[in-house]
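In the two complexes that follow, subunit A is the common piece, with subunit B as its partner first and subunit C second.
For the complex of A and B:
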């Protein structure tokens, strides 16, 4: 995970949407609204906008930002009841990064930061446990429930554990082909013969 | 146009899910540039309308939205290009030689030019600092001078760092000097076998 990969993730997290309500009409913005017609965006129009856009419009007092459904009471109750089993990837891939941005934009909603912090803490412990004690593999489909941030942590933990096992087995000095080459070769092997990998 | 354009984020998602870099997406990059251009021109023309007023939120919200959208799209596009270049440089260090053909096939002509130029400056630098020392070699301190390797697939003759020529036939074993063996292992031509 290089600094550039992190940059890509940050940019994508900024694109997650929040529901906004326009406080006045806007010229030439009708195209933002899928259901709207015409050039003019009406006052009171409710549209889902990316977070980067919502925050600027909020600063100019053009919109009100509402809490997205993925941070609604249903999710909060589920996270309080048993944080481990909630599938955060289904709710939002960048659940925590997006949650923090939403919390910034909806200061009246005081409960959200605490829900996020508690959920992260509880899930982190469980994840660490799985990394360090589990064998290779994915017990209980854990990785399918993780948000992007968690999944990065999980992979780092798993790699650390694997390096330790290799060192214990006296394999640490073994030189291997670099990951990028190994992946490229696997793909080549999987591709059916006589079919080029580039689309015509 | 309907809704916020998403070509740039599609490019980034593609980049994010691929093990190295995805095939350079010329069509989508061009489409993204066109979208940015369209919004930029539109924002510019709105600001110069006679009816435009700085104090009217109905106009300022339009400008804010359009400028934010194209600025973000531009940032995504720059990230796409920079991230790809950084991965090209990363791979050059990892394989310690020219990029393998399978990887080169994914790059655009401009990126290939960059890869070759990077190869050139790196070689020049290594020639200058160590008199021909290969800095990408021996990434970890060696335990033994010679390593045993097993050839996975026949790959013809290769010239080793020491100047020797070695014929790589499938399933043969060789005992090589570590400095000779390491680049071959990194490039995936042979496998390191330990006693």
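For the complex of A and C:
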């Protein structure tokens, strides 16, 4: 997980949507609303907009940004009860990067930064333990619950640990097949055009 | 194994460790070797000489020398280190390439440890030391939390060798960086205002509030 990875996550998270409420009638914006017809957007219309658009509209005081459902009370309670078992990937792939942006856009929602930080801290401890024991496989289906940022961190952590163990076992210097090749069962060869390939 | 940029493979630390100076007893004659690190030799049979580890191991492979083990690699020394490591919360100060050198010597110069039993007990002690330190490191990182003035908790990483840090480096730096983003230090706004000695600048406040200054200027207009 490098600073570059984090920037990529931040960029991708800009596309995540947040619900916005329009504060006044907006002309020529009717196309933003899939259900609406016509050119006008009524005042009070609620539309989900990507963060990059919402932040600009918010700056011009055209919209109010509401807290998205993935940071709603249900998620918060679940995170409070047990941060480890909540599947953040299902809530939002870029839970933390997106959360940081949402927290910026909804300054009234004072609880959100703390929820995010507490959740990350608890989940970090869990990842730390799993990484450092360097156990094989995926104990407790952990990787399926991790958001994008976490799973990148987790993978680098595990890679470092495995590399160390490999070195200790004296296998570091040898050339081995890469994981992808070892795990692939049987790859279908690319048949030249015009020939039918036999299924593996 | 795929590596993210910035990661250093563990095998590379072994490579760095090969520059460690060790004592050998050669059984061949060689003139002075002029190297970037300095001059080594001349080598005469049975006269101990200082050389880099890689050279010692190369001679060893050809059975041209015996390596004198570093003092910290004796059974007694290692036992002491292990006991101290278990007793104290802080990490013992080990030579920089402790684990790599031990690993290399055990692998390639096993007969220099004396009998097989000694080598075996050295191996066991090394594994114990590593485990104890690893558990301590894990405890240190699990204690991490962010306080008002930044990171708290990780205070006792002093004494860890590079190869141990490397095991967790990318994960730890990434996670702690993320944690710092999520919970910025609270003193970012309420920094303690620096007070300068009064005699130096008279009674003038060292820190001028921008808004106060603007208000004053507007009143003057």
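By our rule, the second predicted complex is superposed on the first by the 165 of 200 C-alpha atoms of A that agree within 3 Å, B and C clash if a C-alpha of one lies under 4 Å from a C-alpha of the other, contacts with A are read in each partner's own complex, and residues count from 1 in each chain.
Definition applied: a residue touches a chain if its C-beta (ideal position, glycine included) is under 8 Å from a C-beta of that chain, and two chains touch if they have at least 3 such contacts.
Keep in mind that what you see is a predicted model, and the values were worked out from it rather than measured.
By the touch criterion stated above, A:80 is placed in contact with neither subunit B nor subunit C.
Using the contact criterion defined above for the overlaid structures, shared-chain residue A:46 touches neither subunit B nor subunit C, since it reaches no partner.
When the shared chain is aligned, subunit B comes close enough to touch A:14, but subunit C does not. Judged by the touch definition given at the top, the superposed model places A:61 against subunit B, while subunit C stays out of reach.
Contact with both subunit B and subunit C is seen for A:5 once the two complexes are overlaid on the shared chain. In the superposed model, A:153 lies in contact with subunit C only, and not with subunit B.
Comparing the two complexes, residues 2, 4-5, 173, 178-179 of subunit A contact subunit B in one case and subunit C in the other. Contact residues of subunit A toward subunit C in the complex are 1-6, 96, 100, 113-114, 116-117, 120-121, 124-125, 127-129, 131-132, 149, 152-154, 156-157, 159-164, 166-168, 170, 172-173, 178-179.
Residues of subunit C touching subunit A in their complex: 1-7, 9-11, 14, 103, 107, 134, 137-138, 141-142, 144-146, 163, 166-171, 174-175, 177-179, 181-183. Here subunit A touches subunit B in the complex through residues 2, 4-5, 7-9, 11-12, 14-15, 22-29, 31-32, 34, 49-50, 52-53, 56-57, 60-62, 171, 173-185, 187-188, 197-198, going by the rule given at the top.
On the subunit B side of its complex with subunit A, the touching residues are 1-4, 6, 9, 12-13, 15-16, 19-20, 23, 42, 46, 57-62, 64-65, 68-69, 72, 75-76, 79, 82-83, 86-87, 90-91, 94-95, 100, 102-103, 105, 140, 142-143, 147, 181-182, 185-188, 191-192, 194.
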